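Both of the next two complexes hold chain A, though its partner changes from chain B to chain C.
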Partner chain A sequence: MVNLPTTPADIIPFIIAVVTSHTFITLVIFPGLIHLTVVVMFLTWYERKLLARIQLRIGPLYAGGPGGILQPIADGVKLIFKEVMIPYKADKPLFLGIPLSLVFLGALPFAVIPFGQHWVIANLDVGLVFIFAVTSLFPSMILIFAWASNSKYPFLGGLRSLFQQVAYEIPMWISALSVVMLAGSLNLVQIVNAQQKIWFIVPAFISFVVFFIASMAELERLPFDLPEAEPELVAGWFTESSGAIFMVIFLALYMKLYLMSSLITVLFLGGWWGPAFLPQPIWFILKALVVATFIIIPRGVYARLRVDLLIKIGWTRLLILALANVFITVVLLSTGILSAWGL
Partner chain B sequence: MDLSVPPDITFVVLTTITLLAAIMALQAKELIYGAISLAISFIGIAGFFVSLDAPYLGMLQIAVYVGAVVVLILFTIMLVRREEPDKDESPETGEGAAGLWLAGLLAVSIAGIAALAGPNLPATPPEANLPISQLGPVLAGTYPVPLIIMALLLSGALLGALVLAKVDK
Partner chain C sequence: MQYYPYLLMFVVFDVVGMFIFAWGMSFSIIPTSDSLMVVLFLVLLGAPLGYALRMALNRENW
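And then the complex of A and B:
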């Protein structure tokens, strides 16, 4: 607890006390605002470079730094100076407001993601449910934005996005259920602590596969990028967005990509645990970036799924597999096979 | 550093948000603004649950009501074209009687369960800050009767939805 300053001489110590407090550092520097911005900007460059390499191109090169790593800054400046076009008869407050709330919703779940034993903003007891609740707001936001653009293709894309995300939420969170059963907690810090001896990818491998595929569908990544299928829908639900609005949506999407990779790291890949020669947050970020790489690569490799296949895979394969792994977890836990690893 | 807010201020802010959003939901001219206000109102109620030491309930309130119910409402608003309602809305003969029968059956079974098992309920409510791991045992062990009644009501609602959505061939 820091006392509010009463005399002018107290102001400097007060500011120092605030800036060095745990709340401020975790909220603003790491794992909060600055870290998020830097990683998200890096991811936009990383995806372009990676896809270019897959397709035997060079990718961003001239923006400065090694391999054009300053490209995101150039992109940002360009997009900020572009004109924001608002479609005729679009719903202006919603059209401008929803992208901002998408960024807010994308950043909010990082409040409970633990990047290290003490590197967490809020050690919430219901952390996993919190993320579930916040991410379940995305589809409706997207549909409202698509509706607010008052245009045909965004609306079709918004409907597709809603169907897809609502359908794949179910197998995704059922597969997270077996992790919760293994760890015996919804607290993400405790879930990671339970993986000190064995990562949950081993006893819950099917869940890991289901969660990975479902999170790719949630992120609208290829082969699940039906909501923004370029040949059919121009650019899907954000077709009408331009300039700064597009940049904000872009940031929100990459924030969600980082969120899902972090979540997979927390749930299945042992979070911050790793050999001690690197600090815990570094291990976490490295693992999350590896997961992000595997989420990005299919974009350069696979073709887009058909709508009927998408629905069929979601409801008849992933859901069954997720439920099967819940059953397997019950058997594993009740027979005590996993007791050697303290589960 | 302690950044927590006094409970009174939390209550006043939450109440203002919830009530204003609820009024907006009723008064909004554009239906979609009504749906959004409804979502904000639900989020305010979730805030109440969190401030009452029931964070799990608060999160589920957001996930279920904002994440699912409001999505359904949005769907309905956007997909259903505004048409003149049919004048002839009276149910076919037999349907009304069957509905009454079912409602009566449901009411009788709920009353029966409550009367049989009601006296066995513990007089004191469980402690306020119940850990989540205890939620299941308490719900299924101490309070099975409300759980069963909820299940009956939900299955009744589900049957009703099936009847309403059924397309006659």
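And then the complex of A and C:
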């Protein structure tokens, strides 16, 4: 607790006390805004480099030092100075406001993601439900933005985004249920602590697979990028966005990519646990980047699914598999097979 | 299959999800007999769903 300054001489000590406080560091530096911005910029560069290697190209090369590492900054500067085009008869408040709210929704769940035993902004008891609640708002916001664009391609993309949610959300929740049963908690710190002896990917492997596939649908990543299908819908729900609006939307999308990678790390890959020669947050970030790599790779390899196939896969494959893993977890916990690992 | 049956199933499972998360959280501290009732409920929910989906996939009759 930092006391407010009462005299002018107290102002500088007050600022130092605020800046060095744990709350300020977690909120602004790590795992807060600065960390998020740096990782998101890295992910944009990393995805382009990785896809270039998969497709036998070189990728960004000329901006900055080795491997065009400053390409995200060059892209950002370019987009900021480009003209923002607002479509004729678009709903301006929504068209300009929704992208900002998408960034807010993308950053908000990081408040409950634990990057280490003490590296969490808000240690909520219902952290998992909070993340599901916030991320489930994305498709609705996308549809509102698409409608506000007053253009048919974005609107079709927005409808597809909501359509897609019906396919992946229930399997994703049910697959997370196995983890909740194993940990006996919805608190993400407690879920990670329960994995000190055995990562949940081992007893809940089917859930991990289902959750991973559902995450790719949630992120609108290939082969589930129906709302952005370029050959059919130009660029889908963000066809009409340009300049800084486009940059803000991309920021939100890459934040979401990092969010889902982090969530998979927390639920299935032991969170921050790892050999002691590296600090806990480093293990966490490394695991999340590995997960992000596997989410990115299909973009360079797979073709897009048809719209009706996605919903059939969601309800006839993913949901059944997720329910099957719940029954397996019931058997594992009831018979005490996992008691050797403290579960 | 048309879109609206999926929407109906989505609403059903959305509501069920809230309750089974509460059950999952307390699974290790409640008696097994209580958990068996929830498992039975899930089977009763999942079996007709599986049958309906199988029928719908075999014949586009919805």
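Definition applied: the second predicted complex is superposed on the first by the 342 of 343 C-alpha atoms of A that agree within 3 Å, B and C clash if a C-alpha of one lies under 4 Å from a C-alpha of the other, contacts with A are read in each partner's own complex, and residues count from 1 in each chain.
Note that in this section a residue touches a chain if its C-beta (ideal position, glycine included) is under 8 Å from a C-beta of that chain, and two chains touch if they have at least 3 such contacts.
Keep in mind that what you see is a predicted model, and the values were worked out from it rather than measured.
Room for both chain B and chain C is found when the two structures are superposed via chain A, with no clash between them. Once the two complexes are laid over each other on the shared chain, residue contacts for A:177 go to chain C alone; chain B is not touched.
Contacts of A:129 after superposition on the shared chain: both chain B and chain C are touched. After overlaying the two complexes on the shared chain, residue contacts for A:337 are found with neither chain B nor chain C. In the superposition on chain A, no contact is made by A:28 with either chain B or chain C.
Look at A:140: by the touch rule set out above, it reaches chain B but stays clear of chain C.
In the superposed pair of complexes, A:286 makes contact with neither chain B nor chain C. Of the two partner chains placed by superposition, A:278 touches none, neither chain B nor chain C.
Between the C-alpha centres of chain B and chain C, as viewed from that of chain A after superposition on chain A, lies an angle of 40 degrees, to the nearest 10.
When the shared chain is aligned, chain C comes close enough to touch A:327, but chain B does not. Within the superposed three-chain model, A:85 lies out of touch with both chain B and chain C [touch as defined at top].
Put simply, chain B and chain C get as close as 5 Å, counting only Cα atoms, in the superposed view. Residue overlap on chain A between its contacts with chain B in one complex and with chain C in the other: 129, 166, 184-186. Of all the residues in chain A, the ones that touch chain C in their complex are 129, 163, 166-167, 169-170, 173-174, 177-178, 180-181, 184-186, 311-312, 315-316, 319-320, 323, 326-327, 330, 333-334.
Contact residues on chain C toward chain A in their complex (touch as defined above): 1, 3, 6-7, 9-10, 13-14, 17, 20-21, 24-29, 32, 35, 39, 42, 46, 49-50, 53, 57. Contact residues of chain A toward chain B in the complex are 1-2, 17-18, 21-24, 91, 94, 124-126, 129-130, 132-134, 136-137, 139-140, 143-144, 147, 155, 162, 166, 184-186. The residues of chain B lying in touch with chain A in their complex are 1-3, 32, 36, 39, 46, 55-56, 59-60, 62-63, 66-68, 70-71, 74-75, 78, 131-133.
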